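Got some structures for you, see below.
Two complexes are shown next, each including subunit A; its partner changes from subunit B in the first to subunit C in the second.
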Partner chain A sequence: MALNRETSGNRWRIRPDGPGKVTGGLAYLTDLSAPNMLHGLVLRSPHAHARIAEVRTEEALALPGVHAVLTHADVPGLNRFGIAHPDHPVFCEERVRFVGDAVAAVAADSAELAMEALARIEVDYEYLPVVSDPELAMREDAPQLHERGNIQHRNDYVRGDVEAAFAASAHIVEDTYETPRQMHTYMETEGGLFVPEADGRLTVYSATQHGLMDRMQLARILARPEADIRIVSSPIGGSFGGKDELNVQPYGALLALACGRPVKLHNNRFESVRAGLKRHPMRITMKTGVDAGGKLLAHRVRIVSDAGPYSTLSAEVLNFAVEHTLGAYRYEAVEVRSFCVFTNNGMSGEFRGFGGNQALFALEGQLDRLADKLGIDPWELRRRNLRQRGDPGPFEQPIAQTDGARQVWEALPASRLWLERAEAAAAAEAAPAAPTASAAPAAPLGMTPDADLRSASSGTAEAATLQLPWLKIGYGASFVMHGAGLGVGIPDPAGGRLTLAPDGKIEAAFGYEEFGQGLIASLEQMLIEKFGFAGSDLRLVVGDTDAVPDSGSSTASRATSMMWQALERMREPFAHSLLQVASRVLVLPKERLRIGEGGVCDAASGERLLAYRELAQSAAEPIACETSFSYPASPVERVGAHYLYTYCSVGVKVEVNTLTGRVRVLDQFHAVAAGPVVNPQGFLGQIEGGASMALGFTLTEDAVMNSGMYLTRNLDSYLVPTIAEQRGRVEVLPIEELPDGDAHGPRGIGEVGSVGLAPAIAQAVFNAVGKRVSKLPIDPAELQEVPDIVKEGSCPV
Partner chain B sequence: MIDKLAAKQADAKLQCEINGSPVTLETPPTRKLLQILRDDLGLTGTKRSCEIGRCGACMVLIDGKPVNSCLTMAYQCTGKSITTIEGLAPEGGLHPVQQCFLEEGGYQCGYCTPGMIVSVTSLLERSPKPSMEEIEEALSGNLCRCTGYGGILRSISRAIERGGMAHEG
Partner chain C sequence: MAANLEEFLLSPAVWQPQSSGAAVRLKHALGPLGVYTAGSTLLRTQWEAGGGKLPTHLIDLTAIPGLDRIAVQNGELIIGATARLNDCSSHPVVMERAPLLADAIRQIAGWSVRNQATLGGNAASRVGDAVPALLALDACLVWHDGEKQYTEHIAEWLSVQNWPGMLEWVETRDTIGLRLLTSIRIPLPDEYTTKQTRRWFAYHKAGRREAFMPSLVTAAVAAEVGEDGAFADIRITAGGGRTVPLRLTEAERLLRGRRPEAAALRQVHEAVREQYVPEPDPFATDDYRKLTLANLIAAELWKRK
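Take a look at the complex of A and B:
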């Protein structure tokens, strides 16, 4: 059943953070201010690669109202950060390696004064040659950006004899796929408030996806105990991976401590563009062979990923990409060689999909090209090669078994969109002379209110414009098997805590972050549905290192799964403790009681017998329950291998305007097999929102660089989809069924929606106009055709 | 340079109405309305994002028309009536458009939401039953990175269904 408000019934709930968001009353961390507050700014390198000869700060410091000007000499601890490999300088010492590299920071009475102070810092640079092409950077004669060389990470995976398998292949296709430097473009840029407290501690109000990780890194930079630092990190105006690494925090913290006053930083958009992470641009070359029956025999992959100047999680993203270039299929032999390369381009780093987006664009492109060679339906080719239930994962590692692959495969041909496609094909066959007429939209099934709105006017517009001969319609599909969790080789802790607080609130504390995904809405919904509490009984505590246990990071589509598992573990013991105390107070056997809304109830009648507040007052000691465990991992050595997967099939219908070369996505279908839907509104929003990001990745988004300089500076030239690009219909079909006895519950859905759309669109474009696209975003010039009238050299009179 | 700064910053008197109350401020005539709202008056429901008029996070109503406050200078506000997200509905209540966004989940991170709601409100006041084309036009300057606009369109759809734009208590 398509997911929407109607089909969700009373499981469609108003989010606890909703009222604050629709009224504007919710204060984001960049909305905060404090009495006596200073404004901080960072001086960043204007050059992509240069030696720092000298930095002179005296003039800036002499400016009245300027309270601190800091450079690397002022960092008491480690002058580096980075989650996995701390090699990113807080302040550069001798060399800058990209246009966002920080050299100094200032705090002043006003933002204007801080800007003036930046202008008065003099830095002498000596230019160094810029390394901007990752292929060239790998050559031995290239300027080396780090002592360890320019190849940050390699990951090879070889299984079987790939040469022999190519020799046995009936058809072979080879192509090189290129993907853009996509920007996260969270609407709230990086920033926050940094407050030195009277007791000597430091409070950091700034967004992150893992508060405890920030605390550890800041402690290391500041040379202070972690206990002296408190990180408050939610709510967040979007992140998508982009705020996972430290950004403004080191500067805010250092300035606040240097001045002994609160300091605020809030990046303007260009600052965010130049200093922030982007999706790794990748060049993926694939050569893939099949036998005459369409069985995949050989698959050779070479990935070159542009890591930018510092490590971030580039190695981990590359490992993920390697796994996902193999994907959901069986092969006789595979050979993957991959490289992650330092350059003087902008920072690359973690971004929703984590390398899967690039990998799937290439892999699914290969399947479509092979189907074409074989003359069979691309979906049928996938069926012939899909891993079956019981099969291991892409690295031949044990994985949690589900029927997800089969289920989402079957869902596509049964979808409204695919039925419409079949009808269109049949009609085209019946009346080959007028194929456009048959493509008029069929009466949609199961319309939701938005479908009404989206099709009401676009339907007529579509019907009218479809007659135009330069508008071509095409359908395409892709298949996604997406891993969640951090994978083998990275500690992946999880946990949470439930407490009956003295005021009678049931307090649920998790070390996760709310960046819009609906984490606290999902937490609330699970507490209500699993325990029987009312929303008003609850206090949800996230995003504050003083108040939460270690739950691991809010990344890798893991948080909701881990909250679900934590609550499963705590349900029995916590309910038991509550009922035991209640039974003592009420002098009733525990069996006659149950958890209810507002308090402990009579198990039979449901009548409330003891409010939680009274229960809290009568408990001799606090009633609490805590759990800690790890995200399930595959028992293998292969770094990055996953254990839990989400499966997804994506179908799209596009319209290509061959005059302008523009592609419009008219209709999307997503079947997602990820176990039970925890929160219908959140689930739908994650798939729709992820798909919108994928639409931008495919059609318009690229932070363009030239010789290490950003040509893209703001949202006038960086084009994220607007409502006009999103007027097409989006149908989401969750497949909730899991095998009997599955202990893992809901799988991750935070990223998977952003992965499959690009290859599906590329295939739809091919079906519309017969052109293969292998570089994203799609260049309209590639799809433009010379109109017949021009070709004939005459005009109608 | 500092003298120039000082000269540039010479304050002028700004008199206008914000969310129904008269406001008098001493402020440089070129100061952006966005800064006045957020930094001087603490009305942080109006958001800062691109500051070039592209994203709509900073949208407010000036004499009922949607305007990017990041592109509006203090002198342009003289004598005007400005409504921010905080002033759409009476204290403690919700405007019907806010109610529809709440029910349909027309937001995720919520950072675009105040601007989006301001633009939708203004659209529905002009045109209570807008076509998809009108919606596209009216919201072409409001970016949302989280939702893919699905929840936003459902919210608008519901608001159109409900018709009446009068404030609820």
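Take a look at the complex of A and C:
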């Protein structure tokens, strides 16, 4: 049953942070200010690659009202950051490697003064050649950006004899797929407030996806114990992976400590574009062979990923991409070669989908091209090659088994959208009309997406528009198998804590972050549904390193799964503790009691017998329960291999306007096999929201660079989809069934919505106009045509 | 950056003259330090992007009584320069008598911008999305030079080469840059006379997404169509990006007195691609923009058949 407000019944709840966000009443961390606060700004390199000859700060420092001007000489600890590989300078010493590189930072009485101070810092640069093409960067004669060379990371995977498998193939397709430098475009840009406390500690109010990781990194930079730093990091106005790495925190922390006063930093959009992370642009070449029956034999992949100047999580993203270029299918032999390359382009880093988006666009494109060669339906080709229940994962590693792959495969042909497509195809076949002025090239599904098909559509408005011969309709689909969790070889802790607080609130503390995804709404819903509490009984504590246990990061589609696991583990012991104390206070056997709304209730009648406040006051010791465990991992050596997967099928219907070459997505269907739906609104929001990001990835978004400089410096040229792009229907079908005895519960859904849409749109475009798209965002010029109405000898209808 | 800190820290002085004449005299007095403004939407995006200096003096035109008036007078639709875009496009007279302009305005930026921005500002930028529509409607611009008002045909104004941009006016001492656009006059057909022709309009803005985007190509068509379906008169205009809008005179010539049959469409399609030379845009090739324009115009004409 499709997931929506109506079908969710009373499980569709108003999220606890909803009213504040909708009314604008809620304060984000970048809205905070403090008495006696200074304003900080960072001086960034205007060049993509240059040597720093000299930095002179005297004039800036001499300006009245300027309290600190810092450079690399002022960093007491490690002058580097980076979650996995700390090689990103807090302040550059001798060289800048991209236009966002920091050289100095200032704190002043006002933002205007800080800006003036920046203007008075003199930096002498000597230009160095700009390395902007990852392919050229890999050559030995290319300027080297780091001592270790320009290849940041390689990851190869070879199984079987791929040459022999190609030799045995009946059909082979080869193509190169290119994907854009997509920006996260969170509404709230990076920023925060940094407060030196009276007791000598430092409080950092700044967004992140992993407070404890920020604390560790800042301790390393500041040369202070972690215990001296408190990170407050939620609520967040969007992150999508983009705020997991440090951004303004090192500067805010250093300036606040240098001045002994609170300092606020907040990037404007221009600075956010310039300094912030983007999705790795990838160039993926694939050669894939099948036998005459459509069985995949050989699959050769070469990935070149543009990391930008420093590492952050580029290696991990590449590992993920390698795994997902293999995806859900079985092959006789595979060979993946991959390179992550340093360049002087903007910083690339973590972004929802984590390399899966690029990989799947290429992989599904190959399946569609092969189906075309074989003359069979692309969905049927997928069925013939899908991993079956019991099969290992893409790296042949053991994985948690489900029927997800089969289930989502079957869901697509049964969907409303695919039934409509079948009807349209049948109508076209029944009435093979005379070729119209707009005869489309052969469509792979035996359909003619022209006037015949259009006349079959319902709805007068749509039908009327569709009479226009330059509008072409097409359908396409893709299959997604997306891993969650950090994968083998990376510590992946999880855990949480439940406490009956002295004021009677049930306090649930997790080291996760609320960045709009609905984390606290899901936590609230689980506590209500699993325990029987009322929403008003609860206090949800996230995003404060002084108050939360180590739950790991809010990344990799893992937070909700791990909260569910943690609550499963704590349910019995915590309920037991509460009821035991209640039993003593009420002088009733524990079996006659249960957890209820507002307090402990009579198990039979439901009557409330003891409010939680009274229970808290009666307890001799605090009632608390804590759990600590790890995200489940596959027992293999292969770094990055996953154990839990979510499966999706995605179907779309598009309209291509061949006058302009522009594509509109009219309808989407997403079947998602991810176990039970924890929070219907959150689930729908994640799939729809992810799909919306994928729409931008496919149609409009690209942070265009020229010689290391951004051409798209702001949101007036970097174009995210508007509501006008999203007028089409989106249907989401959750498949909640898991095999008997499955212990893992809900799988991750934070990223999958963003992964499958691009290849489905590309196939739908092919279905509509017979042109293969292999570069995103789709260039309308590739789909534009001279209309038949002006062609010689044409007879306009 | 200028080192005079005190000056730097001062926000612009905002002047609110009470008449057009007073505004122009103020501009004469302030010279390069003063800049006219109303909605400030374009100026703000320019100085936020670091492309323009924050002016020392802003001459706020919104206090001038009647400068935002929309009215019909002597067979002309007169729109005051400070009329807000949303007020224009939702004005009953504009919607009824100049639907082409209403269409064009609805494609400009986003709703919140249109609540602030003015038609005068959009026109004065020379490359605003309303300009092709105004050109197709044969509009005239009314200027005030400090002493008197005078009228200039929009085509004449657009044909001036090297017109300074809005912010460059701050720097220029050229007297032409000191004058003020006070209103736009659009001739209206006599609605009481029975005519043998009917009016027909079309407007297109194509960009890199569906809404709230910079244009790559804009096209406007205004025509008088005879009972036989032939064009008694037709004006076709094109702009897009930084391209100063122009009349596509060759396409117009080809269509005048003809019906948009296949041969005519073919010739028009070719003529449009020939005559339209867009200013370069980093996000689309000239060929794409030429073909888009030719396709959109041909398609509109074909729909009229």
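Just so it is clear, the second predicted complex is superposed on the first by the 762 of 797 C-alpha atoms of A that agree within 3 Å, B and C clash if a C-alpha of one lies under 4 Å from a C-alpha of the other, contacts with A are read in each partner's own complex, and residues count from 1 in each chain.
Note that in this section a contact is a pair of C-beta atoms (placed from the backbone, for glycine too) under 8 Å apart; a residue touches a chain by one contact, two chains touch by 3 or more.
Note that the coordinates shown come from a computational prediction; the quantities given were computed from them, not determined experimentally.
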item	value
Which of subunit B and subunit C A:H47 touches, first, second, both or neither	neither
First (subunit B), second (subunit C), both or neither touched by A:E116	both
Touching partner for A:W470 - first (subunit B), second (subunit C), both, neither	second
First, second, both or neither for A:P780, with subunit B first and subunit C second	second
Contacts of A:L659 with subunit B and subunit C, given as first, second, both or neither	second
Subunit B versus subunit C as contact partner of A:V704, first or second or both or neither	second
Partner chain in contact with A:V790 - subunit B first, subunit C second, else both or neither	second
Touched subunit A residues, subunit B compared with subunit C	B
Which of subunit B and subunit C A:P721 touches, first, second, both or neither	both
Intersection of subunit A interface sets (partners subunit B, subunit C)	63, 112, 116, 268, 714, 716, 721-724
Touching residues on subunit A, where the partner in the complex is subunit B	5, 12, 14-15, 17-28, 30-31, 33, 63, 112, 116, 184-189, 235-238, 240, 266, 268-269, 448-450, 452-454, 456-458, 461, 515-518, 681, 684-685, 688-693, 695, 714-716, 720-724, 726-727, 730
Residues of subunit C touching subunit A in the complex	1, 5, 8-9, 45, 48-50, 110, 206, 208-214, 262, 265-266, 268-269, 282-285, 287-288, 291-292, 294-296, 298-299, 302-303, 305
Sites on subunit B touched by subunit A in the complex	1-2, 5, 9, 38-39, 42, 44-52, 54-55, 57, 84-86, 89, 94, 98-99, 101-114, 117, 131-133, 135-136, 139-140, 142-154, 156-158, 160-161
Contact set on subunit A toward subunit C in their complex	63, 110, 112-113, 116, 119, 268, 270, 468, 470, 659-662, 664, 699-700, 704, 706, 711, 713-714, 716-717, 719, 721-725, 780-781, 784, 786-787, 789-792, 794-796
